[in-house]
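Listed next: structures, encoded as structure tokens.
What follows is a pair of complexes built around chain A, which joins chain B in one and chain C in the other.
Let's look at the complex of A and B:
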């Protein structure tokens, strides 16, 4: 009895915080998605699924959804690739200056958004340093306005986003790599396994749980990020608009709170799916 | 290595049900606890019922009434220092009233206000951009000020610029006191004009001349004819509307029910901007940068001959490029050569009282104190909204007798209010996105404006 009371008392703070910051906003958003609530439109009206139907009929929504998937896939793939590469390099304790490089690695993460904003200057079409480097290397012939070209804008934003999010991936995977028992590598060396086989048959399978957790979390963050909004003011038509930015615009620019809530609910469901994958990867039994 | 502890299905479900149930309880409690804004303001001398159970009395002669309490005043962070000085001065005159000045960064300022105004924790007095005043009033978030104005010895409405007052008027009632007003004009770099073989003392007056000036001044990769910023949506529509109005077009029908910016005049206006962009007479990055970026990245470093600017550009130019500052030409913005009147969207700031203010009397006292011509002139970053304010000193060092400032003052006559409806922000959003689609070639001007018009008409239904 006393034990369960103690459990209940300890549970109250968590319970209150979760209710305030997760439960209430979530439920009120879902509730709002069934209503027509617009600025200047008068009384709030119950319209059941109409907001969802309007979204499905809206070409912009599908365009934005496609942008969101393109953005997420590009970022997750590139960041994971860079993260694995650097983690493998930095996991070698025999490498000179490895500790220094590990500290250096954190810098883009530490300066975060302001650092990403520096990319606005680097990618400027008239005096961007990136253009100067690429022209001097002969990769491009003339300057490119990286953030003003509709066909490449999402890719340009991806470069900036990968730059300041690869440290997360590297740190997570580095931790995973360091937990792989050294004996496995020693045994494989005796068996005459080459480096590629070692990576394929030992490193990757052993790293898989950490990789899955890191990728699942990073996918959620990437899907919800506002980085394209920071880099491309206005979204370049809708070329650099992803679902969270679209939702923000519906709420705070178009003032269509009902449709904004419906779009937010759909984004929540997508994130929920990813969260389930994440929880599964933590081996939480349902 | 130990197996991670498993959370059973039953335990998980118990947690989930508990969280959801509490959400419902807290949600319901919050819904019923939040005051529903039953604020009724009646004639002086009668009772004002504010939120919760607070009941105060509006006196017929507010100048002599003993008013006390604490109020909060939300200002732009760029005005915070000056606001604190004025608040201290106010508190000396009204020792029973305590003013807390809160500075807000421009980024997210609107969202913060929109989120805070309907709540019980709403600030009392707010400095709001003119574009927000009417939407906030129509959302029933602001207090009408007519009853205070009519009995105020300080407020003389005939001294205010009429377009500035129009930015605070809804249904014949005033929901804000304008304190800053400005209308954009054309700013030209005379040094670049001279180098390009143009008359540095004569600004272009119409589109044809503007295009010719741009063509002559542009040196690919080095200097542009004009610098514009379409990345910030308010700014994009600010530019486009000047061309639209200058071509005899308009944004909506007079009853604000239908979009008409996709008329021939509107398409021609956008085609003109697209021509400037496609021919490289403005930077490629114009579609992603803001108006301030266009100034700081191109006009100030002398990489652009002209831009649409406002009086608040002057200190920045003076500070960052003094030699450019001494070689500026300022004129009213260009119009279509067919003889239409030229207009530019009016900009500026108004001061409002939240409908949820717990101390509207004290809030009004502060507004009244700040609304004298002298205080308005002291506080503004551009022009005071009161004409008689131009003879006073300014905190930021703007000399209202300066020839450049005077030239911008002349532009004030071309000010025009965009549709004063709550949907204006949404219209900006829709229209700006399609303007960029046309500029980048994703759509033709006609298609882009038609698409925008369809969305806007849907919004206005």
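Let's look at the complex of A and C:
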């Protein structure tokens, strides 16, 4: 008994803090979502599902939800593609300079707001260098105000956001590739398997667990990032507003706390689904 | 003959690989390059069309402007103090628990560990309001303490995970040998286990520092007064709604990112190990 008490001492600080900063706030958000609570209105009134029903009836909410899905799918697809490509390129240790590229290519990971500021200026419609590159390559004919055109702003944000996040994906997948036993490739080489078959029948299935973990974690991250907010400040008629930004506005600009809590609960539930996929793929025994 | 053609096809294949790698390097460095170039130009030059990579009259005016603004060193100091405090506390708490997770066996341990991982997956917006509430009841809003506490949300779960992996790497037999030699458990931890796990713990420390240094959503919510802002939020505010001094903004951005890039390069080997050890091998 005394011994197990000693065990607990190791975990008490961690779990006290996590309860205070995650556990309790999460439960109170869910609780609050069943109440009407606005600034100035003194009484908090239990209204059960009204906040949720109001959200469902609100066109802005659906618009934002669609944005969130578009944003998440675009980013996950592009980042995963770039991640796989780079991981495969960087896994060939016989190639000269590979270790150098490994260090070089993950540098964007280290930078946060300065990187976003650089992208805003790089994508500037008049003085940004991106337009000059694309025009000289013949990809576009005229300069484009990347972050000020409502129809493309989510796409432009994606180009910048992938920059922040592909290093993470590459690193995770590279580790996955490196854990594939060499013998599998040697055996298939003896059997006369070509490169494409090798990729399809060995690399992809062997990489699948690492891929699942990385994609699930990255999907959660993308869905919750504030990068679109940093890049366009929620302008352009909600075109670059995703669910977390919408919730932030409900809390701190519109002060409709109950409805914000309902939207936050929905966001949490969506994340929970992804989290379950993630936790299951870790295969930790319960 | 056959050998030669195979060699040639290998060279073309590698060339193709290098071209791809260089393309991505271009993508990775274009914003950084543009940031640095703008920071050493005059406004007349960076507000000219067509934009070009050539710098005609190099000037450090923007740097002088940024460094002579008293807010800038203040923001850097705030960020630095908060990130250091947050990293120190995180490493203490998480290595304690990480050691526990790697060494003890008891019923429900995995469930306990899963709940830590789960905390990492809860969206900030799903905890923001109640967190703000209890912090304002304790008069913590607009103090650095609020951020130091709030940053546990981002740093603690992952660093517990990473330190569990770090301690698992230290063989149990080494520790047991020390115990047999008459060391107390605490002494064995401090004299044997900690020194062996130190490189990994240093990487976790640096990682927590970078995460706290780079954070901006909590920082813009929990801090209101100008003098207490962190550098990330400060940079966002440098970018005014209608007029932006791009030279100064890019100079400030350069000063903020270069040290972090350096730390990152130094620790990246450990970082990559720590992050992937648990996740990939399961």
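Here, the second predicted complex is superposed on the first by the 270 of 286 C-alpha atoms of A that agree within 3 Å, B and C clash if a C-alpha of one lies under 4 Å from a C-alpha of the other, contacts with A are read in each partner's own complex, and residues count from 1 in each chain.
Just so we're on the same page, a residue touches a chain if its C-beta (ideal position, glycine included) is under 8 Å from a C-beta of that chain, and two chains touch if they have at least 3 such contacts.
Keep in mind it's a predicted model, so treat the numbers as computed, not measured.
J.: Looking at the superposed three-chain arrangement on chain A, would you call chain B and chain C a clash or a fit?
T.: Aligned on chain A, chain B and chain C clash with each other.
J.: In the superposed arrangement, does A:145 touch chain B (first), chain C (second), both or neither?
T.: Touch status of A:145: first partner only.
J.: Counting only touches as set out at the top, which of chain B and chain C does A:126 meet: first, second, both, neither?
T.: both
J.: Which chain, chain B or chain C, ends up touching more residues of chain A in the combined arrangement?
T.: Of the two chains, more chain A residues are contacted by C.
J.: So in the superposed three-chain picture, is A:282 touching just chain B, just chain C, both, or none of them (first/second/both/neither)?
T.: A:282 contacts both chain B and chain C.
J.: State whether A:24 touches chain B only (first), chain C only (second), both chains, or neither.
T.: both
J.: Tell me which partner A:238 touches in the superposition: chain B (first), chain C (second), both or neither.
T.: Touch partner of A:238: chain B, not chain C.
J.: Examine A:252 and indicate which partner it touches, taking first as chain B and second as chain C; both and neither are also allowed.
T.: A:252 contacts both chain B and chain C.
J.: What part of chain A is shared between its chain B contacts and its chain C contacts?
T.: 15, 18, 20, 22-24, 26, 28, 126, 233, 252, 282-286
J.: List the residues on chain C that touch chain A in their complex, please.
T.: Those in contact with chain A are residues 14, 17-18, 20-21, 24-25, 27-32, 34-35, 38, 46-53, 92-94, 96-97, 99-100, 104, 106, 110-119, 121-134, 149-150, 152-153, 156-157, 160, 210, 213-217, 221, 232-233, 235-236, 239, 241, 246, 249-250, 252-254, 256-257, 260-261, 263-265, 268, 272, 275-276, 278-282.
J.: What residues on chain B touch chain A, complex-wise?
T.: Against chain A, the touching part of chain B is residues 4, 6-9, 12, 18-20, 22-24, 26-27, 30, 110-111, 114, 135, 138-139, 221, 230-233, 236, 283-290, 293, 297-298, 303, 421-423, 425-426, 428-430, 432-434, 436-437, 440-442, 459.
J.: Under the stated contact criterion, what part of chain A meets chain C in this complex?
T.: Going by the criterion above, the answer is residues 4, 7, 10-11, 13-15, 17-18, 20-26, 28-29, 32, 82, 85-86, 89-90, 92, 95, 97, 101, 103-115, 117-122, 126-132, 163, 171-172, 175-176, 179, 209-210, 213-214, 217, 220, 223-224, 226, 230, 233, 243-244, 247-248, 251-252, 257, 260-261, 264-265, 267-268, 271-272, 274-275, 278-279, 281-286.
J.: In the complex, go through chain A and note every residue touching chain B.
T.: 15-16, 18-20, 22-24, 26-28, 38-40, 124-126, 143, 145, 147-150, 232-239, 249, 252-256, 282-286
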